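Two complexes follow with chain A in common, the first pairing it with chain B and the second with chain C.
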Partner chain A sequence: MNPMDELTLTPSLTVTHDTIQLIAKSHRARRVLISRVVTALCLAALVISAVPLVLLLVQLVTRGASQLNTAFFTTLPQSPTIMSPNLTGGVSNAIIGTIALTVYASLMAIPVGVFAGVYLGESTSKFASVLRIVAQTMAGAPSILMGLFGFSFVVKFLHVGFSAIAGSFALAVLMLPVIAISTELSIRGVPNTLREAGLALGAKPHTISTKIVIPSALTGIVTGCMLAVARAVGETAPVLLTIGGGYINQWRPLNPVSALPLSIYINAKSEYPSERAQVWGIALVLVLFVFVVSLSARVWAARKQKRNS
Partner chain B sequence: MTVLLDNLKDDDLTENISAGPSRGWYHWLIVIASSLFAVVSIGFVGSILAYSFPAWGHAATLITGRGWQSPTGPYGGLAMITGTLETSLLALTFAVLVGLGTSIAIVFLVPRRLRTIVATAVELLAAVPSIIYGLWGFLVLAPWMLKSFDPFLAKLPFSSAIFGPSSQQFGPSLLLASVVLGVMILPTFVAISREVISAVPNDLVEASYSLGATRWQVIKDVVLPAAKIGLLGATFLSLARATGETVAVALVAGGVADVQFHLLQPGTSIAAWIATQFGEAQGNEISALMALGVLLMLINFSLSLISRSLVNRQRKALARV
Partner chain C sequence: MDQNITEANSPEVLVATESRTPGSVAMSLRNVAVSFNGKTAVRDCTFDVESKKVTSLIGPSGSGKTTLLRALNRLHDLTPGAKVNGQILLEGTDIYRGDMTATELRTRVGMVFQRPNPFPTMSIYDNVISGLRFNGVKKKSMLDEIAERSLRDAALWESVESRLKVSAGNLSGGEQQRLCIARALALDPEVLLMDEPTSALDPIATLRIEELLVTLKQRVTIIIVTHNMQQASRISDDCAFLLMGEDRAGELIEFSTTQKIFNDPKDSRTLDYTLGRFG
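Right, the complex of A and B next:
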């Protein structure tokens, strides 16, 4: 017998090569089987998570698309009555309100957020590191709290009342940390060699920042702002407590306005099927807007990055 | 000293210019912007605290009391606190179990070419406004659950003990709220955990494959241990999002302020209760709702601090590998 075929483990126990192979084979079969089962489970998880999300999107498109027509965008809402239950009108007030809210909120949040982000990106002071933690915590704060802030500060404390400015203030507070963090990350992504090259040319620190660092980081900064806008447009809770609503087309900052998410929230609970059906149209418009803004931000950023590298 | 070139602090280059007159308008612009941000953040906490102040006289009722008698009081918050815990923990269980499998499938099973598309799709879904999930839950899922799912649940053993009698007229329930929340935080969890899992160095994965490990052994013994802390961070972040969710829960939970452990019965959560009650609230009720907001803030801030520190620790651990 070949000595290689026989392994002596202990003086009393001998194991042949065949036995080892047999054990290894059966062990391997078990390992492979377990691996296959788990792989199948992971695929099942992928399907389970895809099904509700795909269903949601399909229903959103099929139910929403039939609601969209010119009157939907250009006329004021009308309340259905028992006599004419199909009367819904359009949502022009909510569209104008949402545009106004978003523009005011961006005007407030983008300048402060971007320059605060530049500070976070360039400074290593104690204040900057505290502010960084504050920004990260604020970015995850529930949006209803922004509503409470907008209500307590603008509506009550400043006695402005329910108004577009109160709502856009709440949305600006929501956008601010998001913009600051994304700006900080883009500023940090600019290599120090560029700053040193600027110094070597004799440029002043503020020239280096405005002429070298910010232009190099601009793609990331703009992407961050767009994503913040996309988030603010769809937020319901902050505007629920602050804008007051209303059935007229109006955009003035100190008067109450309506908004698309608010119309969804209110009309979803309507007792008229026609109003509940119209909600899908509003939802589709909102989701399309959010998708277009965030997709174009991502695609633009990816393309710029590719060109730079 | 200018804050602008702090990144180069250790460098000899900056020493000469540091002494120069660099505190120009630009320096002040960014300092003022960041101070404004700090002031807004302090105002955010301060303003909510200030308006909640009258309610803290009844702090015990607010935290342990049952029943919300508007407009006279007392205002008990126990139902909202238990509702928040029940719905968000159930949703988290669903999102973590399904989400972990999904992330593993995306990183290890989806073909490389499709991976960016799937990742982008997940991030887009995470950006869908929560009101849309609420709307879908309210108009589609609620009637479906009443018609098809509840009768199925009723056949299971111990059904009445866990789920209680189904409220036949209305779809909304704590279970529906948990399902909608779970579907909603799923993309958030997957977006982060996918990133954490794919950040595990490929060397480790390939080395263990070359030792003859099966895919599951690689995942179980190499990938998951390396990604452990980051995955925990993703879990806490998803939990923070679930506890703070407002309008979706307001639409599908039922909006009833009862301490309720039967999942098919209607309930509410802290955030949803603030949203539904705020419209008609006056005086003391507003401060009681603000005080609920303070509770929510405490829960959310501690969860997000925990998750941030976990994610940062993960990043440092991987940087060392």
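Right, the complex of A and C next:
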């Protein structure tokens, strides 16, 4: 009756304890060697991938920092002439333009992207899976496509012309799938046990989404949005074809504006060394912009995470 | 204190205190079977759960205890392909085919899960009253009163009174589970379903929860799934013993008083299980 009664040991093993230990020992030695080689290879790969990045940053700081002064941030660009080849002025127009573009693009992309992501995360419908594939494809699309789309749709088809709104539209299209996908992942990361807890308390599905799931996923959602913003700030291709540029401080949606990436693109092609040198200053400001946005996203997320645990 | 609940403007909460006669039947199961995509997980469950008693569902892994328990507050509703057959009556009303919505049912039949699952973004206070808020109760004085009473009933008030606004994640596992019990009690349910509520807790926290359940049955009917034979014999009045059949579907072998199940079962398999011969 009791299954334990039937258990007996198989007698007389031909493989002895010592044989097993011997095999295990040589095996261990081999494993240790392989482990060391692979670790060294990984480390080498890390160094190789870090070197260009470090070189870039060093060059950016050494060549860019000298360009930065108050006038750089507060005055408009001036064209160097043969008489005064070192005259460059500041990039206040590009700074204002980039801020305006980022704000408009965020206002368009964040609400739509977050709602789409919540839908993707909470729905199991066929439509949602089609939408997910669309979002994933869009996220991988070259950014110049967004520029072309902004140009043909807003600039030409809607007759808005080169404008901040056309540029931020193109950037918003670029941000949208990134936000939707990161929101979806955050929503899916919320443990099902919390949804069940809500159900068991008589909460309806929409209440569970708004009161339980979204608050629990908020850290991830906000981080995803900030990273999308950081990416949009530095994008050149979408703004190249849409914002028109200009040498005045302009932020109004329907007017042409400038932007930091555009200034880099234009100045880099300049025949004056002074303007080409200024590129490093602009690039440094752009990198600092991106750095501040993504760093604050991470710091915020880390703090929030700590408070909830 | 009970009367305060009836002042709620929410109809779901109103129903909760009606028609309770000690000794009467709280829930009846008639040939209940649950299947997923046509594959039966548990079947042939027919028994009455008596009001204000602790009924435990026991049986080895795979015997369908949790599946059966989750059918009692329609938690399978959202699982694609899940189907519940037979009848489950709450105070005489068929919970699947009657005019009761799943939401109303769940405010009357609360649930505590295997692992403590307080809402991590909410404070202790917000966790306790979350069920009331989900169902439209807004009055601050009422929420405060129910929060205190529920926490007291869950034997948690003394230790959290001074830190009600602190995140629920700061509590220990045992405290979190008692918070989940308080959260379920806040809706003043008629029945409380518990799915191995102590399996993730240490022995001392387990003991405290067990003591709590014995006290709680004065207010609420408790149906508890447990793997722990001692627990079932210590705290339950009635026992349902389930076992996996030949086709791997769980079925009810025996339902009786705990005393009978452990000392004088009708089925030899029940005796083998309670004596620890398998499972």
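The working rule: the second predicted complex is superposed on the first by the 251 of 309 C-alpha atoms of A that agree within 3 Å, B and C clash if a C-alpha of one lies under 4 Å from a C-alpha of the other, contacts with A are read in each partner's own complex, and residues count from 1 in each chain.
Following the convention adopted for this analysis, contacts are C-beta pairs under 8 Å (C-beta built on N, C-alpha and C of every residue); 3 or more make two chains touch, one makes a residue touch a chain.
Note that this is a predicted model, so its numbers are computed, not measured.
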Touched partner set for A:Pro142, first chain B, second chain C, both or neither: first
Touching partner for A:Ser209 - first (chain B), second (chain C), both, neither: first
First, second, both or neither for A:His27, with chain B first and chain C second: neither
Which superposed partner A:Leu218 touches (first chain B, second chain C, both, neither): second
Which of chain B and chain C A:Leu194 touches, first, second, both or neither: second
First, second, both or neither for A:Arg303, with chain B first and chain C second: neither
More chain A residues in contact - chain B or chain C: B
A:Ala44 touches, of chain B and chain C: first, second, both or neither? first
First, second, both or neither for A:Thr124, with chain B first and chain C second: both
First, second, both or neither for A:Phe153, with chain B first and chain C second: first
Chain A residues contacted in one complex by chain B, in the other by chain C: 124, 196, 199-200, 204
Of all residues in chain A, those that touch chain C in their complex: 1-3, 124, 191, 193-194, 196-204, 207, 211-212, 215-216, 218, 307-309
Residues on chain C engaged by chain A in the complex (per definition of touch): 12, 73, 75, 78, 80, 103-104, 106-107, 110-111, 113, 115, 117-122, 130-131, 133-135, 167, 169, 180, 183-184, 187, 272, 277-278
Residue numbers on chain B that touch chain A, as the complex places them: 2-9, 11, 13-14, 17, 22, 24-27, 29-34, 36-38, 40-41, 43-44, 47-48, 50-51, 97-102, 104-106, 108-110, 120, 123-125, 127-136, 138-140, 183, 186-187, 190, 214-217, 219, 237, 240-241, 243-247, 250-251, 271, 274-275, 278, 289-290, 293, 296-297, 300-301, 304-305, 308
Chain B-touching residues of chain A, taken from the complex the two chains share: 31-32, 34-35, 38-39, 41-46, 48-49, 52-53, 55-56, 59-60, 111-116, 118-120, 122-125, 127-128, 131, 133-138, 140-149, 151-153, 156-157, 173, 176-177, 180, 188, 192, 195-196, 199-200, 204-206, 208-210, 227, 230-231, 233-237, 240-241, 261, 264-265, 268-269, 276, 279-280, 283, 286-287, 290-291, 294-295, 298
